[in-house]
Amino acid sequence: MSFNSFGHLFRVTTWGESHGPALGATVDGCPPGIAIDEAFIQQFLDRRRPGQSKETTQRKEPDAVRILSGTFEGRTTGTPIQVVIENTNQRSKDYGEIAQQFRPGHADITYHQKYGVRDYRGGGRSSARETAARVAAGGVAQAALAQLVPDLKIYGYMVQMGAKQINRARFDREQILQNPFFLPDALAVDEWADYLAAIRKGQNSVGAAIEVVAEGCPAGLGAPVYAKMDTELAAAMMSINAVKGVEIGEGMAAAALTGVDNADEMVMGPDGVEYLSNHAGGILGGITTGQPITVRFAVKPTSSILTPRRSVNTRGEEVEVITKGRHDPCVGIRAVPVAEAMMACVILDQLLMDRGQTGGARGVIG
Amino acid sequence: MSFNSFGHLFRVTTWGESHGPALGATVDGCPPGIAIDEAFIQQFLDRRRPGQSKETTQRKEPDAVRILSGTFEGRTTGTPIQVVIENTNQRSKDYGEIAQQFRPGHADITYHQKYGVRDYRGGGRSSARETAARVAAGGVAQAALAQLVPDLKIYGYMVQMGAKQINRARFDREQILQNPFFLPDALAVDEWADYLAAIRKGQNSVGAAIEVVAEGCPAGLGAPVYAKMDTELAAAMMSINAVKGVEIGEGMAAAALTGVDNADEMVMGPDGVEYLSNHAGGILGGITTGQPITVRFAVKPTSSILTPRRSVNTRGEEVEVITKGRHDPCVGIRAVPVAEAMMACVILDQLLMDRGQTGGARGVIG
Amino acid sequence: MSFNSFGHLFRVTTWGESHGPALGATVDGCPPGIAIDEAFIQQFLDRRRPGQSKETTQRKEPDAVRILSGTFEGRTTGTPIQVVIENTNQRSKDYGEIAQQFRPGHADITYHQKYGVRDYRGGGRSSARETAARVAAGGVAQAALAQLVPDLKIYGYMVQMGAKQINRARFDREQILQNPFFLPDALAVDEWADYLAAIRKGQNSVGAAIEVVAEGCPAGLGAPVYAKMDTELAAAMMSINAVKGVEIGEGMAAAALTGVDNADEMVMGPDGVEYLSNHAGGILGGITTGQPITVRFAVKPTSSILTPRRSVNTRGEEVEVITKGRHDPCVGIRAVPVAEAMMACVILDQLLMDRGQTGGARGVIG
Amino acid sequence: MSFNSFGHLFRVTTWGESHGPALGATVDGCPPGIAIDEAFIQQFLDRRRPGQSKETTQRKEPDAVRILSGTFEGRTTGTPIQVVIENTNQRSKDYGEIAQQFRPGHADITYHQKYGVRDYRGGGRSSARETAARVAAGGVAQAALAQLVPDLKIYGYMVQMGAKQINRARFDREQILQNPFFLPDALAVDEWADYLAAIRKGQNSVGAAIEVVAEGCPAGLGAPVYAKMDTELAAAMMSINAVKGVEIGEGMAAAALTGVDNADEMVMGPDGVEYLSNHAGGILGGITTGQPITVRFAVKPTSSILTPRRSVNTRGEEVEVITKGRHDPCVGIRAVPVAEAMMACVILDQLLMDRGQTGGARGVIG
């Protein structure tokens, strides 16, 4: 995996800066014959689009995706698919003031140190705007999966935002797309909205935790030792802006468990092996079991805040940094569709890899 | 990254099964002129060697490493380095009884499903024994880093084992290699030993959490967007057997923080920029800041236990599984040197990648 | 190297079809701080542009390149550079008749067989138009090389077109860009023009051989065993449309030589080692010697011709195929700037790879 | 493809030096369930073994291969296969005299320049001995192909040695393995033997050209644009020691052809499409047609000769170099089984890649 690419057979390379003319993804290795068009991809982009509500940044962009290559008469041809989104609403003047200083907790300083030059407008390459390209690539993956694994369902939702956590007893998957927080619980929406409004009023921001589930993923995907499904998913999620932790199944809580408790016992059901629990998050030895794959990750709070913080500038002077401009008080919200996109890309890639190596054959049980 | 390889310019491919004749690592891309010999690598292998105490498996193997290629007169030549460890103590008869049945929580069933055939002896490729090859490869990386970044120090330690957690107020790095738990606190050793003895006596096993720190890593390593240092480290740690969660800096706790709290403020010190905190774990925007890199990960409890668990066998019959043989009650302990090895490999790889792309140049501050 | 990518640290992925809305290249890994703009890249595209003379296809396109990402204020930032060329002059109706039949010697049939679906308009992905994207990527590489290796000079020229071969005694490098055949011999131009006119009049096409030279390439680039400079160059040239043979130095003629004749003897000159000959084409053991790198390759004749040829169609019927439309009678001519682009990409990539692995250090002589 | 690896899904990394303790290949991505054992691989190694006749080097080594991983009860398991060959007959003292001087036409000087250090014993990593590891890896590929594509036949033979060329009118495939020159013509053997004896007596060496054919390869393998079958084969052959030219089908002769002549016309036969000629060498647009794949390459003469040549040493002094020791007067002879091995690896890799991307489906004709 090179600097800006991920995946093996289904390989995505994203490009573009926040305030450049456009950004996009070069998607190589998609199987041929997949029904796809711009409207299909657009629905995923619409979910992460900024300007949807007061919870996300005020920047209003249509984020209309265009397919520039790789399809013909509504189907993929097996050649590279270029998906492009123009940046139509760059207010570069908002960012002029941070050209010379480094926001604490932000990539400003490390880009400067590594490359000597950086596109400071809106964070340039380090902007969360890059994730729009991932969502477009994820749309391609979703189209392929819809055809190759029709029963697969991938869905993400917020499980935590600062001090707020979801009540799993009230989990209702149908609610997720009905509110701006991707919350699986209609009753919590107002409470979360008030909480975030207070954060914003306090010139502050807040972290979040997101869970993504893939139901209906076939057994046998992923491979020892470095293309383990957990490894691929951990890398995929950790590559999203501001993510600092990733968990599969029990995750960090596994450290507290005993082997007796953690064992996912098996029995024979009418359709074959049935697991009595899913501590493993659907992955054993790096290979999917057929159970739901469950991934959780934490997004740190947005580093661009209105509260002044101590920092330095390129001239080596100490400064106080206040970041004006349009910034999500909880960047984690929009990470939900991004994580779904990454999950789709990883599963499709591993499906193709497995088909390549093993032919998709499976050892029988019974 | 192919199935069994990791890294880009410093690229490691491990091979071998638990009960085959040998296992090892093919290490490609090591810089030339690095002083190295078998004794240097051996010291790292000795730390993870089984049979050191009653806390780890009773299998006694010397785990003597041999270098078969890539060095000449005590220095690396820039060509692939093959490090091999013979398996001298395979008691295969211990494992015959699990040839047809699947341990709950173990890779047995997924290997069977994916490949149709598996080397069931000692877990074959899925055995934690594979990590010996990583430690040998890590030894090569440590030799290169000792020459290229002399100030770099990488060290790991246990922070949790089941119900036990370390007391960070008593943290003493000098203690880590003085006890069989890699504990940074001499006073806790007996307590942990008693706890683990009880776990073992209860025919059970237990999970663990490990922290690895790299001090003295230069700023500027790692690259957006998919070769971020966090991404590479997350993948590296998640690829270790039984790991189910990875955290950088604040990790999952970042979800609860606000932007004001999470900002790592900066001031100018006598030697340049100084950070007042390290919530980011030494990585911003995927690129190292020069602060200590801190990674934490959780290892699930060993799935091979003496307590009977419900399962199925290859004939589709329900069975009760009891796993005899030599198994660590806490496989997390030996993950400490493995994680150090992975950290060394990732840092060296990113150092070479950065040297390639940017020439190692750095943007100045001041 | 994935399906549509080449290079390692300097990694190019091309995308786009002949008659889609656009085509381009995603260029990842370019060093930061390189001075570049669209005008610099455009000069290389102008050399291969169709419609320049009657020797090349009549399709008139400006082939104006746009940089969509990866630069800021006239310099590269180290992030991916997207170079795009719009297709402005697609006369798709020309190609309707070949939608169901396969041109002999063309990729029509194999794309159909492999993918089941193909963009038949103008050859789709298999069109030589794809090479415009390579030339744009090569322009990025040339900009980086101009800054990193100022003495490097890369130039290609025709050495054969059907029955015509150059007279090496009259070789004049200054002439190459002064005629539409990239001929290093002004006296031959009219003769070649007449020859090609006759080929065209005869409703035929003709093959060609091109030579590319890199002078001033530093010693030490390329690496055993599979990233040998000869290997990389052979792959790069063979990946160009219609290329069927590649030679380094003596090439196929090496089969006829003896070791006494083939030895490139060395003496000490005022500036170090001097070679008395260059049978090796500047590469020994896969690593550059510092002598000029010389590569030669053959391009088969255009398969789209007006002379009827026997073929079959998708319905399995025998047909006679005549290809109307705009086609170069010698597609090899435009391969000259393409080969220069590939040479530039390979040398830059190997320069970065070498800098990564060895730090660019060199063993001394004397 | 990293420094010492080739292939994508079927990925081979070779390691080892001529006079180190051993050399071998790490073979990752082989499909599971393939019947294989050491005897199967050994037959391929026996063909390239030194010391078989007076035409090849006098070094007598059994070159016995051992499989250290990746198989279980006679079948591959899908995990990495390590094949190792011990170096049992290193007469290092033969090479002491060339430690400080560089053989003209040899990798001595470039390894020194690039790495600063080199294992000069027998050429170290640059020795043709490395190809034994490729042949072992090729044996694994052959085992997989025998099971997956039973009709596939891969065979190579000499077509030229210095001034001698084969008479294609007398081509007899059955003869190839009946003589030490891999000659498809029994009548030529004595003549070639006399010719080579004279070369040797003259303290000289000679180049060679080899052709490799794959019959029965399915249509649809290879992919645009950089994983073209021609590209992969060109890279594979050019990576073999001393190879300086590669041709597919007509190869360099394509430069002299017209489109009318070069068109491989098609008709419908009883079993589908039939080609009336094979100028393309079985590959159109980078994808196999189902016709025989034909590759030809040239090997330069051995650079280690007894005739004195002018050179320099590490101290920068001019010297005369005479290379004693055991060296093939025509290293091209042993390249025949090496090229077959490379062909097998490339075809298997592309078969798996195609199965991954397209599922191995094929567009119908008729």
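Order of writing sets the chain letters: A, B, C and D. Residues in each chain are counted from 1.
Just so it is clear, contacts are C-beta pairs under 8 Å (C-beta built on N, C-alpha and C of every residue); 3 or more make two chains touch, one makes a residue touch a chain.
Here's who's who by UniProt: A, B, C, D = Chorismate synthase.
The structure presented is a predicted model; accordingly, all values stated were derived computationally and were not measured.
Engineer: Check every other chain and keep only those touching both chain A and chain C; list them.
Structural biologist: B, D
Engineer: Could you tell me which pair, A-B or B-C, is linked by more C-beta pairs in contact?
Structural biologist: Per the contact counts, A-B leads.
Engineer: What is the size of the turn, to the nearest 5°, that moves the C-alpha atoms of chain A onto the matching ones in chain D?
Structural biologist: Superposing chain A on chain D takes a rotation of 180 degrees, nearest 5.
Engineer: Between chain B and chain C, what's the gap in Å when you average each chain's C-alpha atoms?
Structural biologist: 45
Engineer: What whole-number Å value describes the gap between the mean CA coordinates of chain B and chain D?
Structural biologist: The computed centroid separation for chain B versus chain D comes out at 38 Å.
Engineer: Averaging only over C-alpha atoms, locate the centres of chain A and chain B and give their separation in whole Å.
Structural biologist: 26
Engineer: Could you say which residues in chain A touch two or more other chains, in rising order?
Structural biologist: Within chain A, residues 2-5, 8-9, 14, 29, 32-33, 78-79, 114-117, 125, 223-224, 357-358, 361 contact more than one other chain.
Engineer: Please output the residues of chain B touching chain C within their complex, sorted ascending.
Structural biologist: Residue list for chain B touching chain C: 9, 29, 31-33, 78-79, 223-224, 352-353, 355-359, 361.
Engineer: Quick one: which bits of chain C touch chain D in the complex? Just the residue numbers, please.
Structural biologist: 1-6, 8, 14, 102, 104-117, 125-126, 130, 160-163, 199, 204-209, 219-220, 223-228, 230-232, 234-235, 237-239, 243-268, 272-273, 276, 279-281, 283-289, 296, 298-305, 307, 309-312, 314-318, 332, 354, 357-358, 361-366
Engineer: In their complex, what parts of chain C are in touch with chain A?
Structural biologist: 2-5, 8-9, 11, 13-17, 20-24, 26, 28-29, 32-33, 66, 68-70, 72-73, 75-82, 84, 114-119, 124-125
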